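Structure record follows, encoded as structure tokens.
Letters are used for the chains, namely A, B, C and D, taken in the order the chains are written, and counting of residues starts over at 1 for each.
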Amino acid sequence: MSVDSIYFITGAILFGMGFIALVIRTNLLHRLLAVNIMGVGVFMWFIAGAYQHGATDSVPHALVLTGIVVAVSATAFALALLLKIHLAENKERPS
Amino acid sequence: MILDILTALLFGFGLFFFLAGSIGLLRFPDVISRLHALTKADNVGLACIALAVAINTENWMISLKLMLLWLLVLMISSLLSCLIAQRVPKPQANRLREEQC
Amino acid sequence: MHTLLIIAACGLILAFAIGLVRVVRGPTKGDRLLSLQLTGTTGIALLIVLSNFGENNALINTAFVLALLAPITTVAYLSVIKTLSATDGRGESDDT
Amino acid sequence: MLAVIDLSIATIIIIIAAFSLFSRKILSSIIYFIAFGLLVSLAWIRLGAPDVAIAEAAIGAGLTGALFLATWKRLQRVKAPETGEAASSIVLPLSISLLSLLLTAFVVGSIFNSVSSAGLASLVNETLPQSGVSNPVTAVLLNFRSFDTLLEIAVLFLTMLAIRALAIDFAIVQVNIKSSIFLQGILALVVPLSIIAGAYLLWIGSSEPGGAFQAGAIWAGALVIMQLANIKFLFRLHNNGLLSIGLGVFIFAAIATYLLTGSVLMYPADQAKFWILAIETAAAVSIAFILYELFCVSHSSVETKPAVSVAHDRMATEGANKS
């Protein structure tokens, strides 16, 4: 069980669980969390591929770094949309 | 040779305090007491581990950095736990006191 | 890696797992908050141990980043608790 | 012997992910997600990717968690908090079958991949000396594939514009977290140190793990914690200059290098380090402010006026103060 095969399988499992949650859950925030966790699964799969017993290949690292930053901006945009959806549906309770 | 024994001892202490903090977290009845156990034990555990690693580093800059890191974590986690303790609603906080008196 | 470091790393992960049990079972919101404290400190200790006696400087930088960013989520969570118990008045039961 | 650490980290990651995905209450799943982010950064360390670990710790555990919590708080005032209940029955078998298909494809792919993957490591290491920096990740990001980084910062900028287009009002909600001395103590400690740590990471980015994104994320963290603690002077920070400086400097560098060396973003021979540092600093500053503004939107209070009239008011007010 070398290091990278452990994280290959973890990445695959994370993607799978995220996909199940995305399909099952009805609450939008839960679904957004599921998408984030699927993203982390894919990144883990990517970097496990780059790990060759110490002589790590740095191109996937750069790509995943870019991916993390874009993922957080996509999540922020999705959260803003989510706010608009809920505001369109309901009156605002006096806070 | 002494260094190895000392390092092993310090790692042992560090692990003991971390486990004590976690078990304290598990068994204490009230949020405030859990917070108390967790913060104190983890800080001391971190001190032991940082010291153990600092002793064995060749260049002393790294060990100085570790000590600064420990000071930072000490201050931040104590401030955070006080902030949390302030926020826990009163009924829970003085349940412990009522039990005693 | 020095065997002592491996034992220390496994011990820390064990401590983390034990702490997690409380967080999962924790009735009140305060217990959820403890998980942030727990992950922060144990994560920093693990990073120091994994840095292989200071040989890998990047890990100690990561530990600094972790130490500086732990308060953000805790304060964000506290601002959530504050509005909940104050205005909605549903009390401290774990309803969220 | 080492696999023990990886196995335990991997199992805890999967357990926390399961709790985060399938727990009934939203708030606890967000908290599990934050712990999950931290453990994943430990996984990156074990996989020999410290740059990604720092970015994951700063963004994954810090900013994403704060974003979700702020949005969840905003939703509390809009509608009753409903817990996530499971969907109808047919969905579950469908997803299980589809998922098992996906999973097997992944695992099989991974086995093949680990056998035949050559990777670009050798190529990168050969040309590293001419790249002007010694950290391979920064070399790839800002020298060999700098066009991707340019587009990535453009994506960040566009996301921010898209969110502004949603016309969510910018009146920052007055968080009634009473400013206790402990909060001020934390601020006095965290904010200056975050700024110094960000500058340090930016500077060593050329030789050690660190760089523009990690520095930007840490500065964004400092701004977010100030915003959470209701610091007043922040409201003037939303000017567009700071937000667009990263993109502007990058585009300027692209044009200048085209004129100097005939091909876009091919730095002149000996000045590579200077160009990279200039681009990195500008990118870090704009990433920090863009991420901060992304947080402010979910944190802001929203009047109930429909979007059209909000835009209309804005034009009206602009018209008013122009004339």
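Methods note: contacts are C-beta pairs under 8 Å (C-beta built on N, C-alpha and C of every residue); 3 or more make two chains touch, one makes a residue touch a chain.
Here the structure is a predicted model, which means the values were calculated and not measured.
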### Query
If you count the contact pairs for each chain pair, which pair has the most?
A-D
### Message
How many angstrom lie between the centres of chain B and chain C, each centre taken as the mean Cα position?
### Response
12
### Message
Report the inter-centroid distance (CA atoms only) between chain A and chain C in whole Å.
### Response
20
### Query
Which integer distance in Å separates the CA centroid of chain A from that of chain B?
32
### Task
Send over the residues of chain D in touch with two or more other chains.
2, 26, 46, 51, 63, 72, 183, 186, 190, 193
### Task
At least two other chains touched by the same residue of chain C: list those residues.
14, 16, 33, 40, 57, 64, 68, 71, 75, 78, 82-83
### Task
Could you check chain A for residues that touch two or more other chains and list them?
95
### Message
Touching pairs of chains, all of them, please.
### Response
A-D, B-C, B-D, C-D
### Query
Which chain B residues qualify as touching chain D in the complex?
72, 75-76, 79-80, 82-83, 86
### Summary
Touching chain C in the complex, chain D uses residues 1-2, 4-5, 8-9, 12, 15-16, 19, 25-28, 31-32, 34-35, 38-39, 41-42, 45-46, 50-51, 53-54, 57-58, 61-63, 65-66, 69-70, 72-73, 76, 81, 175-178, 183, 186, 190, 193-194, 197, 200-201, 204, 208-210, 214, 218, 221, 224-225, 228-229
### Message
Give the list of chain A residues in touch with chain D in this complex.
### Response
1-21, 23-27, 29-30, 32-34, 36-37, 40, 43-45, 47-52, 54-59, 61-62, 64-66, 68-70, 72-77, 79-84, 86-93, 95
### Query
Considering the complex alone, what residue numbers of chain D touch chain A?
2-3, 6-7, 10, 13-14, 17-18, 20-22, 26, 29-30, 33, 36, 40, 43-44, 46-49, 51-52, 55-56, 59-60, 63-64, 67-68, 71-72, 74-75, 77-79, 82-87, 91-92, 94-96, 98-99, 102-103, 106-107, 110-111, 113-114, 117, 119-121, 124, 136-137, 139-141, 145, 148-149, 152, 155-156, 159-160, 162-163, 166, 168, 213, 217, 287, 290-291, 294-295, 297-298, 301-302, 304, 306-307
### Query
chain C touches which residues of chain B in the complex?
7-8, 11, 14-15, 18-19, 21-23, 25-26, 31, 34-35, 38-39, 42-43, 45-46, 49-50, 52-54, 56-59, 62-63, 65-66, 69, 72-73, 76-77, 79-81, 83-84, 87-89, 91-92
